[in-house]
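We call the chains A, B, C and D, going by the order they appear; numbering starts again at 1 in every chain.
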Amino acid sequence: MGRAGLLLRLELTSNPEILSVVRSAVTCLASNMGFPEADVRALTRAVDEALANVIRHAYANRPGQPIELLCRRVTERAAERRGPALEILMMDRGISVIRKKFCGRELDDVRPGGLGMHFIQNGVDVVQYSRHLRKNRLRLVKFLPVQEPEKANGKGEW
Amino acid sequence: MGRAGLLLRLELTSNPEILSVVRSAVTCLASNMGFPEADVRALTRAVDEALANVIRHAYANRPGQPIELLCRRVTERAAERRGPALEILMMDRGISVIRKKFCGRELDDVRPGGLGMHFIQNGVDVVQYSRHLRKNRLRLVKFLPVQEPEKANGKGEW
Amino acid sequence: MVKISTRRLDKAAILDVSGDIDLAHSTELRRVVLVEFRENRTPKVILNLVAVNYIDSSGVASLVEGLKASRDVGSRMMLVGLSPIVYEVLELSKLLKIFEIYDNEALALEA
Amino acid sequence: MVKISTRRLDKAAILDVSGDIDLAHSTELRRVVLVEFRENRTPKVILNLVAVNYIDSSGVASLVEGLKASRDVGSRMMLVGLSPIVYEVLELSKLLKIFEIYDNEALALEA
């Protein structure tokens, strides 16, 4: 994996107390990059829910298990769009993600739980789960908003 | 180096924009551990100034150079004291730290600069600079305040 | 961190919740709310969320569980002091309509 | 991030500074303050720091440079709205006594 555009790499363990630390780091990183406040909140929520899912599902709430987070500034090419974006890769060595589990539950069927995937999908533009060499990898990408030319200075320089 | 008590490992580059991200992560981590607010501010300030010094002095303001931060919960044995503490190790591959440079300047001699080392010393209980295999290492340790027995629950469990 | 402190009134309890209701702390909220309904049988429990900085899906789930527990025992659970952050999450969850939400404590107490 | 906006009065300028004055942003503050003294020759520059969340040693250094520039041109630099966070740092720097510090803008304007 190339290190171009690498902003931050985090190694942590599957302890719920670390969630608030990751949230504050991601919030600050995204603000620095020039994301508007609502986007920062949505992105932070997506990362938080994804990390909570790794702790709860991939590691079945076992503490002390390794999790890695990579934050990079990238030029993303998604379906209809191309442009500067923040990419967050989340890696764990837990239970394999089973694809069919990732159908969001019916929201109108109100009951505890099942909202996490919805918050993740809602908060970022790209959500990709994959598994290589016993490592689960979740790739989250959020596009920076298109800036009007006169505003496009000072922000997001790195 | 043992990974026992490892709370968080950060890899970043020598870009001043990252300082605010590190500050927010350290602030949150220390609060979670149960440090009182004033201690959290002092510790965060020490880490921030130390990181700024790595960027400015060890790397002479060259961006994109590697910096590593390790945050661990340890049992520290310092001169007069022994107890649970937060240890922060900061590693860089920049210009060697010259020991004699680390005499804090006279504070009454008011002029720009020279306050960084003072803020570092003030914010933590242990400050140790060392160099091994072309890596500079700064070790900062701050003791958790001694808790009254009846209060010693719920906090700082990890 | 999350802090929950309880103010007891005649036939109601007001829970002042502050901090982050996330995976690390939503069980605390759930526990306190469930005790209020199942053990104390408090007729009306008002959650003042004005000092809540963050709520995740497990926090929302705790609120839903509290609501169900209130219905099981014939009590009421109300939410007041929804900051934009909390409101946004309940809206995103499509759960705004299932909760009794009031602008302030006085209105909730009267209702 | 740091934001600096300027309000111009008759013989004074008030700079509203917000955000974090750290290594990444203290040069912005320094530049604005130095221009105010050296180019605009403003007789009195009041820095309102009430919205400053953090200030590091480079930020303190920028304030000291501003103060020196003010003396060089026979102007005055004043600080108002010192939050506990900023106050603590100036105290720790043993620089409280060298700055003209006022509780609010009105007092600074009168002085």
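Note that in this section contacts are C-beta pairs under 8 Å (C-beta built on N, C-alpha and C of every residue); 3 or more make two chains touch, one makes a residue touch a chain.
In this text, all values refer to a predicted model and were calculated from it rather than measured experimentally.
Novice: Starting from the defined contact criterion, work out which chains touch chain B and chain D both, please.
Specialist: Chains that touch both chain B and chain D, as defined above, do not exist here.
Novice: Which chain has its C-alpha centroid farthest away from the centroid of chain A?
Specialist: D
Novice: Any idea how many Å lie between the Cα centroids of chain B and chain C?
Specialist: 39
Novice: How many angstrom between the C-alpha centroids of chain C and chain A?
Specialist: Whole-Å distance between the two chain centres: 28.
Novice: Express in whole angstrom the distance between the two chain centres, defined as the mean CA positions of chain C and chain D.
Specialist: Centre-to-centre distance between chain C and chain D: 44 Å.
Novice: Among all residues of chain A, which ones touch two or more of the remaining chains?
Specialist: Where chain A meets two or more other chains at a single residue, that happens at 17, 20, 23, 32.
Novice: Return the residues of chain D touching two or more other chains; collapse runs of consecutive numbers into ranges.
Specialist: 1
Novice: I'd like to see which chains touch which, written out pair by pair.
Specialist: The complete list of chain pairs in contact reads A-B, A-C, B-D.
Novice: What part of chain C is in contact with chain A in the complex they form?
Specialist: Contacts found on chain C: 1, 20, 22-24, 54, 56-58, 60-62, 64-65, 85, 88-89, 92-95, 98.
Novice: Please give the residue numbers of chain B that touch chain D in the complex, ascending.
Specialist: Against chain D, chain B makes touches at 16-17, 19-20, 23, 41, 45, 48-49, 52, 55-56, 107-108, 110-116, 118-119, 122.
Novice: Per the contact definition, I'd like the list of chain A residues that touch chain B in the complex.
Specialist: Where chain A meets chain B, its residues are 6-13, 15, 17-18, 20-21, 23-25, 27-29, 32, 63, 157-158.
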